[in-house]
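Dumping the structure here so I can ask a few things about it.
The first chain written gets the first letter, and so on, giving A, B, C and D; residue counts start at 1 in each chain.
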Amino acid sequence: MIISMRLHATKEEVAQVRARIEEFGYKVHSIEGEERVVIGAIGMGDVTACLESLEAMPQVEKAVRISAPYKFVSKEFRPERTEIKVAGATIGGDEFVVMAGPCSVESEKQILESAEIVAKGGAKLLRGGAFKPRTSPYDFQGLEEEGLKLLAKARTLTGLGIVTEVMSDRDVSLVAEYADVLQIGARNMQNFALLKTLGKCGRPILLKRGLSATVKELLMSAEYIVAHGNPDVMLCERGIRTFETVTRNTCDIGAIAALSEMTHLPVILDPSHAAGKRSLVPALARAGVAVGADGLIVEMHPHPEKAVSDGAQSLDPKQFAKMMADLKPYIALWKQARMAETAATV
Amino acid sequence: MIISMRLHATKEEVAQVRARIEEFGYKVHSIEGEERVVIGAIGMGDVTACLESLEAMPQVEKAVRISAPYKFVSKEFRPERTEIKVAGATIGGDEFVVMAGPCSVESEKQILESAEIVAKGGAKLLRGGAFKPRTSPYDFQGLEEEGLKLLAKARTLTGLGIVTEVMSDRDVSLVAEYADVLQIGARNMQNFALLKTLGKCGRPILLKRGLSATVKELLMSAEYIVAHGNPDVMLCERGIRTFETVTRNTCDIGAIAALSEMTHLPVILDPSHAAGKRSLVPALARAGVAVGADGLIVEMHPHPEKAVSDGAQSLDPKQFAKMMADLKPYIALWKQARMAETAATV
Amino acid sequence: MIISMRLHATKEEVAQVRARIEEFGYKVHSIEGEERVVIGAIGMGDVTACLESLEAMPQVEKAVRISAPYKFVSKEFRPERTEIKVAGATIGGDEFVVMAGPCSVESEKQILESAEIVAKGGAKLLRGGAFKPRTSPYDFQGLEEEGLKLLAKARTLTGLGIVTEVMSDRDVSLVAEYADVLQIGARNMQNFALLKTLGKCGRPILLKRGLSATVKELLMSAEYIVAHGNPDVMLCERGIRTFETVTRNTCDIGAIAALSEMTHLPVILDPSHAAGKRSLVPALARAGVAVGADGLIVEMHPHPEKAVSDGAQSLDPKQFAKMMADLKPYIALWKQARMAETAATV
Amino acid sequence: MIISMRLHATKEEVAQVRARIEEFGYKVHSIEGEERVVIGAIGMGDVTACLESLEAMPQVEKAVRISAPYKFVSKEFRPERTEIKVAGATIGGDEFVVMAGPCSVESEKQILESAEIVAKGGAKLLRGGAFKPRTSPYDFQGLEEEGLKLLAKARTLTGLGIVTEVMSDRDVSLVAEYADVLQIGARNMQNFALLKTLGKCGRPILLKRGLSATVKELLMSAEYIVAHGNPDVMLCERGIRTFETVTRNTCDIGAIAALSEMTHLPVILDPSHAAGKRSLVPALARAGVAVGADGLIVEMHPHPEKAVSDGAQSLDPKQFAKMMADLKPYIALWKQARMAETAATV
């Protein structure tokens, strides 16, 4: 920690601050400038509590932590990539993985049709919501367990893995029975009761970034899951909320690049929610491959104009097939770069 | 709904769109401009589903709803203010109510001391967290049920009502046993599983606005609670997340003014989280009274520099007493305006 | 400056960084933690250049300045408030000053009528744009010099001071001939060519905060003007751009509180642009007085529905008169607080 | 325009609104719903003024324009891409163009060395600032005309075109004498006095998006330049300001995709300002090619750690060469897609 004292703080005030820091078990070094004293605190202790305490002291101008607030998810803790094996695919390694499907599970016919199209296009996992977070209480809330059963049926028929959302700690074990990957929605990224439960669920997690969550907060939420016992977390950039409305959200492509320096966890891009408009999805998908994401999660609906949710951003089967074909040379370049990297670190 | 077609859409395309709208049970009127056709849809139907469906049609440029997406919470539905009676106070009526206390319940001594100071200053409710949402899994997570018991003890001794947070639908009935008002934290504003459970909890709710939630989304979350059976919801502005860092959050004072035109529910300002810095709290509290909020929720700690959380933004006992004294003439003006309004509507 | 090295930086790397800092004339102290070395730099030098240089070194994790980047405008440099005398009023002292008038000067009749209403309501300055920054090239761009002449005529007839916008360094001397206060629009807050010219214009400046400018950037822009020779700068909060659309901009009331701790310059609130909607203006105006701003700048039009610009946020004469009357007791409280403060510092 | 009346507006109020719309020369159609009347206005008139006027009427709930506020820059007005020929390159056609160089022109040696490296890497234009917009009045403000002369010298020696910034309408003709492309900085995107002057400058313009400018505002600023006589405008995405701080700005990659549907003007990505950190630049550059931008503008400095500005985000010569080499297969894919598109439209 670095603590800067207010201008012209007295010696006594500096001594009080030093004493407080030492109470928390840190060693203290102070630097006396002409205007201001700056204090460095070194060691191991309860950083958050110490910072809170110091910031509450009137003679302190600012107290800043130097070390990252997360540990298990950081690249410094573990330099090798986390590889997550699911449904015959390895996410986070040398394979670029596509997950696709409709926003909601609507009927047996719809989800089986979707699964077939998605599998044919080369996706390895099928997405589809059985529990739906909806802004309005009057909107379709999902088929719940019935929807989970339909997803399981689609898996049996196609061999695709299943990614589906869980919204409450109460439903984690139920959803984990059916799903291969549990998705946590953007609005639940800091539902800490839910995050803790995921530590013991025995399934990989796809953790979506909150609408206004910073990259560090996303990593802290992943840290919750890992610290509670589950190392298999994928992070998902799905666009953040800004002043811009020409797209539904603002696709933070730079966050993907930054995350690849900060963490060993795989990062997935959701171009559908980022764009909010079907025609922009393929371009964002290409950008996601090029920037170095580990995979995509894309909305595809057999009949978007009949979708109960997210129809405007869902690709139709033909568009999905074209996008998957167009992505091939980009994925080939991606694979080449990834293998060169692996070769370099061996 | 108003639907604008793309430029130069053909007659056939317009007909398809009209047909789709009629399937949803609306009456259709179209206006043919020189460049573009615009369609109006009138009637009662599943607006969200219809909009989703239209936006997914390629010939549609934009589909916009005219009516508000919420109903029970709107002023159009119910013009008179909702008054919530709790702990001898009436929130939302002619009384300006202050809730105060520490961020977390830390110990019996701390919470009883806090309660005494808070009661003496004129607050009617004691705030204090027993379940704490923390960004880091390594930070203090609250005393849980033990904390609730301490709050109940403070109530017995002082007569203050208790406001405390609930973080999971699983804990709602437990917290409702001890608390007078259940607080929903900003990060849970769209935890829909939790919101539904609150409909049946039998306690008034203090619903904090999410960090990047729009005013309409806040109202939709309140609508969830009301639609599930609980009409006693207070909305809480606690600052939103923006690019500015000189304050912890950006106090959206205009939202309070806007809410008073949109809803009959009481609106509470939390100047502590908005400011993030103790010295700015009294000025924001004054602004909250002046703008017409129904009350304040303020962090006060007997020894802020020893607080386990939010010390920097907690007033100390002396500052709290001074703030309460300084607010008096502003509250008198507030009361005068409120009573004039009541007189005018009778 | 505080410089934290990357984890496990070598001794040689630390030495290189120390050497670089010393080249810029600073004294260096380093603190060796178990994981990481942190370096403090003390003294006087070209901070920005030094920080830029250090951040470009690969072995440096982060380089942070401790001291504020502005000087003349800071409260540490000058603890007493800057008082600006204009049109018989003193802004920044014990007087709360209201400026009001239409968005644009449209005609002689309109501006003279406005001036009369504004003067009668108790405002001391008349606002009105002769040069208009408009998002679209097809919108009304202002009457230019003709408009300035009409403003001057209004001054002669009413005794009001004139506040009007200047958009280019080329027009500064022309506008300064007619105006008592030169207004810099939000979109020009970082038009540095313009800011420099204002240093020599001989008129007080009303500097509007940019739509997404931080409080520190606002102070830096004021510093430009002061450093180039003009100490009479008023800062104006007019709402910032966020994700919220229920108001036109988000009124950053906390920034006004923060500024009063950071600078000796007067701060003016523009509730009209912040709200964007006439019915919300009086509530924001009250909040502005209560939070401790030094004045208001408000849009009033004799016939808002005929205004060429900003009609929706302009008060009509009756609403303006009512707002001014309603503000009186708040202004009385403001004055009382201001005089108590003055008494305390003497 | 679509105008929705307030709930339960009377017939007389609707008639007043209709009359107002007709005054502006529009034809009026109204749709009477059960709750509310909605009015459509068709025709040609002064849309902005009409909207302003309607929104100022108390009986109007909302007035929305349907048509885009820009014309010349829209794809509907001109479906073929604008191709800008400069320094032997064609921007906006089948050629992906890279512009590179240091943030500031610092000395003859530095700029000539930069030019050589940049040319060798395959860039077609040299960037470098002679007039520098700096947040602080105490920072290096550029070599001004001396810098322009050095840039011209670099052009003579290497054949590269020159892109350099102009900050004031007063300097436009001077900068146009030396530069091939005039750059408008993000903070001047809505400096309308400057934009108007660019209409007559005879040089192509590189217009950077403002820090918090929407895509529509960017297009409106381009419209200013085109409407004043200069059709050769390139738009530049350089990251927007959001709450995220892990990158200097948030690279709005989705805006590039959206712009390609909205306008025929070329779009350039500046990955350096978007990232703010050298190590992230190559990944963003790849994303820019993949998403379909027309070119890149990249900061490269022969000795970044000695740069007077933007050192942290400048590539060094080796990194620049590697990035250019790595981009080749992506540019090949880009070219293929662009030529397929051209073939399809012929």
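The criterion applied here is as follows: a contact is a pair of C-beta atoms (placed from the backbone, for glycine too) under 8 Å apart; a residue touches a chain by one contact, two chains touch by 3 or more.
On a predicted model such as this, the values are computed, not experimentally measured, just so you know.
Chains making contact with subunit A as well as with subunit C: B, D.
Common neighbours of subunit C and subunit D, by the contact definition above: A, B.
Centre-to-centre, using mean CA coordinates, subunit A is 31 Å away from subunit D. Subunit A and subunit B have centres, each the mean of its CA atoms, that are 27 Å apart.
The mean-CA centres of subunit B and subunit D are about 39 angstrom from one another, to the nearest whole unit. Under the contact definition stated at the top, the residues of subunit B that touch 2 or more other chains are 212, 241-243. Contacts from subunit A toward subunit C in the complex involve residues 2, 4, 7, 29, 31-36, 38, 40, 42-44, 61-62, 64, 66-67, 76, 212, 241-243. Those residues of subunit B that touch subunit A in the shared complex are 20, 46, 48-49, 52-53, 55-57, 69-70, 133-140, 167-171, 187-188, 190-194, 196, 211-212, 217, 220, 223-224, 227-228, 241, 278, 304-312, 314.
Listing the residues of subunit B that touch subunit C in their complex gives 212, 214-216, 239-240, 242-247, 250-258, 260-262, 274-275, 279-280, 283-284, 286-292, 329-330, 333.
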